[in-house]
């Protein structure tokens, strides 16, 4: 009983989801922010930015399971996101299934597609896999343009999937006699799902399959020697990551209410990889942090671009570089800086800060 | 038959461009183990520099080509020196991401300097053609094929017989043992980047001198050169050239016979043919046509 | 100071040492201290043997001398390495080769994908005079007739012994004044070990100083003028080869030819303890 | 240990409970819909502070499509600058533009829409088919009016959109009619199309297909291409192999330049008719200009740039000289200028009704009736979406490098019978 709060006694302590009282307090604080934020920030711009960020975070958790925990580089994430969006349009919109069902349907479709691609991961390693999944994005784009019945072709398709769980309709939330806007409702829906997916993912990686994944990442043949069936885990990880991506895509589509084939491009895939790296490979929390960072930074720059010297904010305005160009260049610069100076990403910085305060007042 | 040969010619011209870019990929990959996603950016940069030399500074086109290759080479080597050198020993995707980051920095710089609108490079070829045997040959296409052949040949001579070429090969094989022979890995890495950038710049300016002119999207061609590299085998320069030509021909022929043979697969199948071909080949030969099998150790 | 009797001249003198390492400290990964104040010298024209168990720091010493610590995240934190009059502490590897130190790495490390000729050309990378390279090339082929026969073969297809010859030949292509050899007898059949020894002796006779790292102490001391024994990053014993060969501790630990009186572990400990006190 | 954990959870729950309470009081409520006074001064409200009317512009102001977005926005601006100089809407309310960069991406467009919707009365420009489709549901739910900057036919039937000009289909139909009657072709001619593989390309194709049905010809060959393709040899080869005598092109300038360059190089010389966005002035000065001059006809609306005999053009040229003298002749600029004119008509009506709220603007948009664009584009009959009738006239131009915009009038402002028959439908019924 008298041990220091951070001392772990045995595996059971080590494997707890939220080990320390500090973590639990932090969690409670997060819950409060989650509940209160949409009522304080009623601005539709910031809410929609945060909703997109949340959706991206879900997708990034999926990619992190694959890249961070299983060591496979996929540039094909955009393909699965797109597949999910179209699944939502058809299953949620046309057939009219309720939210939990169309989300699950999207996940199932994502997993099935991942299962088709997965076997490639057995034969191909490292760079080869990256380029093959890159090809997936282009092949996918071709499919989306030509499978007109399913995707609406070039004109895109409206997504009219409903957003209600039981009696609660997130599109027009009515609680305790107070009515909330669509963006407020969606904020709660999306970030609730972020928490759920993060929890499930965290639970997965701390248990047997998760450790097996990491063993496969570190040395797949060695993993096989100690009895991990690397092939199964690789395909499994690919399917899981695709399923989560498809869920994110489904949410993306039904929030935006319209999707077109132009959206599932290589840039989207790259953005996800960047999120995983900026956030920190192999940490669930990092994927969420990365999504917030990568998603909100352009919005911040855009919002306050007038204050940045040399940036052109309107047609014929002063400045040599447009907001878009500045964003892109900063994005690139951030990736480079992160990889050069903090390969562990935002989560690494966070750990360092935490370690500093844990050991305080000693500097080491 | 005429149509077939005409398509093949178009394929060779396109394939030459792919071959140049893919060869650049391989040179960097072989000696440093990095897949360079910034290659497309270097290609665009080279083409725009060529435009500046040819149009704004009014040097002869041939000189502009040399200058743009040289300056792109300098930029490539500088990238390596400033950024990538710090990444030695990091996992492969981290290094891939760094090159993507560089691409993201390069692109807005190019558009901030030269803008988005189409540029026409002053060049002696433009849309001139020669006719022979019922076929029409674009002068620019002929030059593209010819120059590519010459440059590729020069590269192989360099790679095989020069001492720097030898240094590149042995560094690729065993960097530490190479270092022990007094071969400076830094010099080899920087040289690889310089060569790759110069090849990309050459591809860029050759494309920009064509009927299409020059737009910032010119760098996208590098994405189709990835399959060329993979198809040939990532560590095989000869494979890159072979892969480039195969992909170029396949793309042009699919395009040419889209209506007769491929209408069932939707319009523009040719755009994804490089990727489909790559996947099929990889299923049969996981290390490409001429690539060496990676040794897997437990 | 080491006194050496030169076989050829037969007179005592004090030549400036080819290589002198003094008080060297090397740390890996900023934490693992591998060399702890190591000092040794290779006199000009001599063969010096460096003996020691696995992990004693022999290879690290070679890396420190040739500037190859960097790829292993090692760093010289103290001490100096001098080649004759020049300080080459932590110099660039290419610079060190150019100044006249060549190395035959442990495990041979020939470039298996390219031909024997190309391997030899790679060894001459730092040199520019074509005629001089030509001379070295002839010399190497004279020294290793087996390589002369297989000039166009891919190095990976050579036998282990041939590869070792190639590795030594490649190092000689740099025309070194000092040759460092890391375990050249490792994994070779006894007949080949003898051959390697003879070649090293021959190279030395042609005027190249040699630092020979070996676990095969008999072989090493049989051609060396002087020897050092390394343990956990420090020199624990040194002396002329004959003296070391005669030393019972050495015989016990490295030659395995002891008469068998002192086999117990406690005896070993006493030896070590004594050395540590004296160090 | 257990007790401790429980306590901290309790703490968390308590916090969460408190949060819920706060949340319960934080509903969005109504967005400030301020009903106006009857037929008097419009009450101030969202986007209108009593003196200035704010309008949103959602356009790619950077990135590859900025070459379209920038002149379009400049066109919006010049019109409103001129209007403001005359006092503004109804002579007293100045107009101010709130520009946001969409990068031509649907998700960014949605974010930017959300960013500015709370400070504008309406949107005078939303550029791009996909971005417009992405904000369409939001326009419906917010009851907001926006002017789309593309000539898609399905905008006509959307109440919350305020399109201008004759849709792409009309340009295509009129071109085909012209080719068959005056352009040297007949029903047996081998007529082909080359369209980009997106909504814009499909619109052109739809027009040609409709014309084929109406005029009794068949389309011999269709080539689709991906936007941004670098090599068009295959498509041109296929068109040549199909012995096309006429090709209708739907493209944007970058691709069009490459296509014509490749065609010239392959010595493939059919008669080309091209949709208005295919052309920019720079093409008339490029190496392919002689080819364009000989074989290419551009289908657009209105008159030549600088033709002051047309009142709308005279007014626009005057405004350009005054407010944007650096502006080069540009098709997109004129489009933006027209958009602003249509939006101004709506605002005038809304002010007249004394209601500048969203509802008021929507109501006004149904009441403006037929609006004349003074010859810059055909007159547009607005009203309830179901009854709108867009202009169906086209002017054909030939390429002439000596003209300010590189285009010389070939046939001015005509409407084919086939074009009159075309029916407009919603995007996603």
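List of remarks:
In order of appearance the chains are A, B, C and D, and numbering begins at 1 in each one.
Everything that follows uses one rule, which is that contacts are C-beta pairs under 8 Å (C-beta built on N, C-alpha and C of every residue); 3 or more make two chains touch, one makes a residue touch a chain.
All figures in this text were calculated on a predicted structure; none of them were measured in a lab.
Chain centres here are means of the Cα atoms, and by that rule the chain farthest away from chain D is C. A separation of 38 Å divides the Cα centre of chain B from that of chain D. Averaging Cα coordinates per chain places chain C and chain D 78 Å apart. One inter-chain figure worth recording: chain A and chain B are separated by 33 Å, centre to centre, where each centre is the mean of the chain's CA atoms. Between chain B and chain C, the centres computed from C-alpha atoms are 45 Å apart.
Within chain B, the positions touching two or more other chains are listed as 267-268, 271. Residues of chain D found to touch two or more other chains are 63, 66, 197. In chain A, 145, 322, 324-325 are the positions where the chain touches two or more neighbouring chains simultaneously. Chain pairs that touch one another, listed by label: A-B, A-D, B-C, B-D.
Listed in rising order, the residues of chain D touching chain A in the complex are 1, 4-5, 8-9, 11-13, 15-16, 18-20, 22-29, 61-63, 66, 69-70, 73-74, 77, 99-101, 103, 105-107, 110-112, 114-118, 129-130, 133-134, 136-138, 141, 197-199, 201-202, 324, 427-428. Of all the residues in chain B, the ones that touch chain C in their complex are 163, 166-167, 169-170, 173-184.
Interface of chain B with chain D (complex): residues 3, 6-7, 10, 13-14, 116-118, 120, 126-129, 131, 136, 138, 140, 207, 210-213, 215-218, 220-221, 251-252, 254-256, 258-259, 267-268, 270-271. Put simply, chain D touches chain B in their complex at residues 63-64, 66-67, 197, 221, 223-226, 228-235, 237-238, 241-242, 253-254, 257-258, 260-262, 264-267, 280, 282, 286-288, 291. The residues of chain C lying in touch with chain B in their complex are 66-68, 71, 92-94, 96-98, 103, 105, 109-114, 118, 121-123, 125-126, 170, 174.
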